[in-house]
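Each of the two complexes below includes chain A, the first together with chain B, the second together with chain C.
What follows is the complex of A and B.
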């Protein structure tokens, strides 16, 4: 599989900071207790490539179970890829030595979906935010305290919040705390795993604006995992659409929303509610269920549900092709 | 000026309002802590508080009831007269339960006989079947029972929690053998559940002899196996939580995650099980003492005293009652205290702050 070489949509090229090449993650399925045999693999992620550029946001969309979160976990080094590699500043992180890994770890942080479970309920806010610094940096206590207060200010909270416990905050405030914690090490990349989907609509916009402001201030890159298309459209520079462990389409955000090429992307777009109830839009209803990743269909994984299915779709795996500059699609239609 | 200072001192001395007292009592476990402190002090300084030597036998005063019990008499018909009693025997009888026998009672007379003597302030809690002072024995028993419980429970908690943490977290520290270590520990725990403790205890006592150390070891063995399972279960949930994943992302080592993020989350469960375990330990100590494998007879221990008093429940309830109250107070106090500590250590439940 070729690696899509992306150039920034707005003309000015920014350096690629993180690149995933042909990432795969297979989870073995075992049967038997004493003498367990591997009877198959769940192909959670099956050959995913993308690039993240400095100061930009890559969105990954797709329905539940398509491998978005597993991809994020591999980027965060929580899961070891079965195959493929991740390059950070040109260096393969899974081949790197201990110092290199440590450096990578402190430059890639995360914000998770559920702000209620992502903060240890037994730690005070100041300790929660300081924890990455305590682990990675040799700072004195006053220095850490100063930085904690600065970060709280940065995410729109006050210094008196430092002595409280997480349960004393609302969902939006907790997500702000999670963001402050993620920012504490001055990371280059933050993986946002559905950062706003647990929040109510009025808070969502606040958090998204906060994230955008912080991005321009710190020049940090985001890898945004979402299934809400409006969020992606608002936040991202690039969008990768995933289906059953594979990226089926990758394009700059404007290009993707104006001109979706892959049938799955089109169906996804048509499933989203329009911003105005009177807006007429073409509705593509996919039949059937998402096939099991344990036994994905031959050829193009999408062919059993595709409205434009052709003969070759069921046995030839489509190549990823650059249809227009920067617009990559894996489909036999193009 | 003088008046001002008077009002000040008066206001300082004012008795706290009913609301304040209620608030303090609701917020702090005053009663359990007070009871436990009193019992510990009394137990530690037992010789100071006990009015008698707990081992002193006083047969004439046996089965004296607690101080508030009035004399109990019964009307009986004299069936035969005893002439052959020596003067000394006559005196004994008159002292104990035949004080009102008329010297010249004839067959057929109805006389009142004392069935239970009145309690006296000499023995506040009465005396047992051999005339030993129950209060002194309860006080010395607190010493033995609390020590046995504290030592065995502490060692049980340390061993049990360590096992639980290792079992639940081994696969993070030793990726290769962790699963097997976990399995091994859990199988050992299951085996200990199937061990008939009392039988094994008897065998061990036969082999190693009756000693206090052996008893402590046995009780620690009883105490530890409740912990690994629950602690392990808790660790398994906590280690997949989002905040542990985030700690790992920020570079925390496995040990840091275990002790900073997982162990505090396990403490609740440990406290609750530990407090619930105390009653069981005192009971098992009692059973072992009853069977002759525990605290050795003349030495007073609450469990053994309850076991002794069981036989006399109908006639002399106080022998079993007062040590039973001791067990009840310790178990209840620890339960309430454990419950309060659980709420206290969990910031989410700290509503009253």
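What follows is the complex of A and C.
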């Protein structure tokens, strides 16, 4: 399947800083220990393309097992793609030399879901935040200390917090620490993997507002992985909907929410919980569950659960089409 | 089952429930004077953040509080005319599972990994229902079909790890409804499920409720679940119910500043919001509660009186109460 390679010719004038083209990641499934044979592949990510623009947020939505985390890992260079490439400022990062890779790695940072496990409990806050700078930058100790205090301030914590350990903080504060650490190298892109879903409701808004403030201050781009659609609507400029390793729909956020096209996107939206008891919702209850990526259905991967399934869906892979400017969808209905 | 209730008399009535825990930081008042009623066929949502006491309320109702360090200091929990807190442990175990059942958040830990699904579903039936041995399996199959487990005949021999998360949660649901309880409590039943599976599960619970007329209590932090499922809502903060009312009252006319702030801080899918309202600060520590209203430190409308005395419940409308001095 081919997903959009470019989303050119739009009204957006922000430069593209990261582009993924036809990314694939297959994990071999082996049988036997000594003479291991590959018996199949789990197609975790199967031809995904998207762009991230400077100072904007791309949201990736999908259920567990749709490949959103594997995609994020490839962007973070924690996983080598089986096929496809990632261009950062026009340069293929997997073809870059050692220095180029190092530079890329320091300009792409991550904040993970669970601030209880993403911060080393044995390090003081000042060392946690300083660690990326110690590794990547030649700074003197007073310079690092100054920057740590500045970052703490930036994420809404105080300088006395620098000497504490992570367990002395609440969940929301820990997520602030994780954000400070991710910001320390002045990254261009931060991958946010479900950054608020482990937090209490009254704390989520604080963190989402903080992320938005930091974005406008530093002009940093976010790649936000989330399953909560309202969060995506609030945070993102672009949204990609993934299903079984493929992007089924990609559009600017307002367009996607006002005019969802793919049946899976529609089902996701109707499954999302209403914000008011009187909200009218179309009830599309999908039957069954997401099939195994080891043996995805032929044709359109979504066809066994699709309420609008047609004959060709079970054997012809739908092409990705640009229905209206910037609104890409892969479905035989269009 | 003695269901002599008219639709007016409450099935479950909790009055002035206080559950405290002894910790090394002092006495923690996890539930501190909680009262509510539940009518037949009604769905009550108990909303709150972690540490608000919603789960301890539930565990107190099931009499599953570990004693020590916990203890139920006072209160009554009247289910079907019986005060559960006066029952002996063996009497309580007859009630638990048959008249009041609990579905907890994580189906991975609530099912025993070394027993088959069939084994675990039949357990509740064998204990609570006096039916011949050979029809126990039949009954188990029937409840598994009720919760839409496909190919229940083969699934009944599976172990929990062979099922997906959504199916496991449905098995837990099957155990919960197997003895037709009067009250089914669901403690964050869908937080570990994907959205489309969550929608399936909520629909299932609603169908089961309509069929059997049982009452449901949803424990959740998500106002979306409340909006979709509940008739009435109780909002908890720091061990107390701060506002209670019908679901429309709560959404249209939130009267406690905490409810108002919580509702405003949730992003909405239907509209663009430029900036979310964020509640400043953190919930208070339960072993070190402030004098007066526990929300005072985070409240935008705080008055002197709030820091001196805890507000009583003031009526807002019929069946709508809020504990806030602004209503005095």
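Methods note: the second predicted complex is superposed on the first by the 323 of 334 C-alpha atoms of A that agree within 3 Å, B and C clash if a C-alpha of one lies under 4 Å from a C-alpha of the other, contacts with A are read in each partner's own complex, and residues count from 1 in each chain.
Just so it is clear, a contact is a pair of C-beta atoms (placed from the backbone, for glycine too) under 8 Å apart; a residue touches a chain by one contact, two chains touch by 3 or more.
Just so we're clear, the structure is a prediction, and the values are computed from it rather than from any experiment.
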{"item": "Between chain B and chain C, more extensive residue contact with chain A", "value": "C"}
{"item": "Partner chain(s) touched by A:76 [first = chain B, second = chain C, both, neither]", "value": "first"}
{"item": "Which of chain B and chain C A:37 touches, first, second, both or neither", "value": "neither"}
{"item": "Partner chain(s) touched by A:141 [first = chain B, second = chain C, both, neither]", "value": "neither"}
{"item": "Touched partner set for A:122, first chain B, second chain C, both or neither", "value": "first"}
{"item": "First (chain B), second (chain C), both or neither touched by A:106", "value": "first"}
{"item": "Residues of chain A contacting chain B in one complex and chain C in the other", "value": "none"}
{"item": "List of chain B residues in touch with chain A within their complex", "value": "241-243, 245-253, 256, 260-261, 264-265, 345-348, 350"}
{"item": "Touch list for chain C against partner chain A, complex", "value": "49-50, 164, 166-167, 194-200, 203, 221-228, 247-248, 251, 261-262, 265-270, 272-273, 275-280, 282-283"}
{"item": "Complex interface listing, chain A residues touching chain B", "value": "76-78, 102, 105-106, 108-110, 112, 114, 117-123, 131-132, 135-136, 165, 167, 178, 181, 185"}
{"item": "In the complex, chain A residues that touch chain C", "value": "63-64, 170, 172-173, 200-206, 208-209, 212, 227, 229-231, 233-234, 254, 257, 267-279, 283, 285-287, 289-290"}
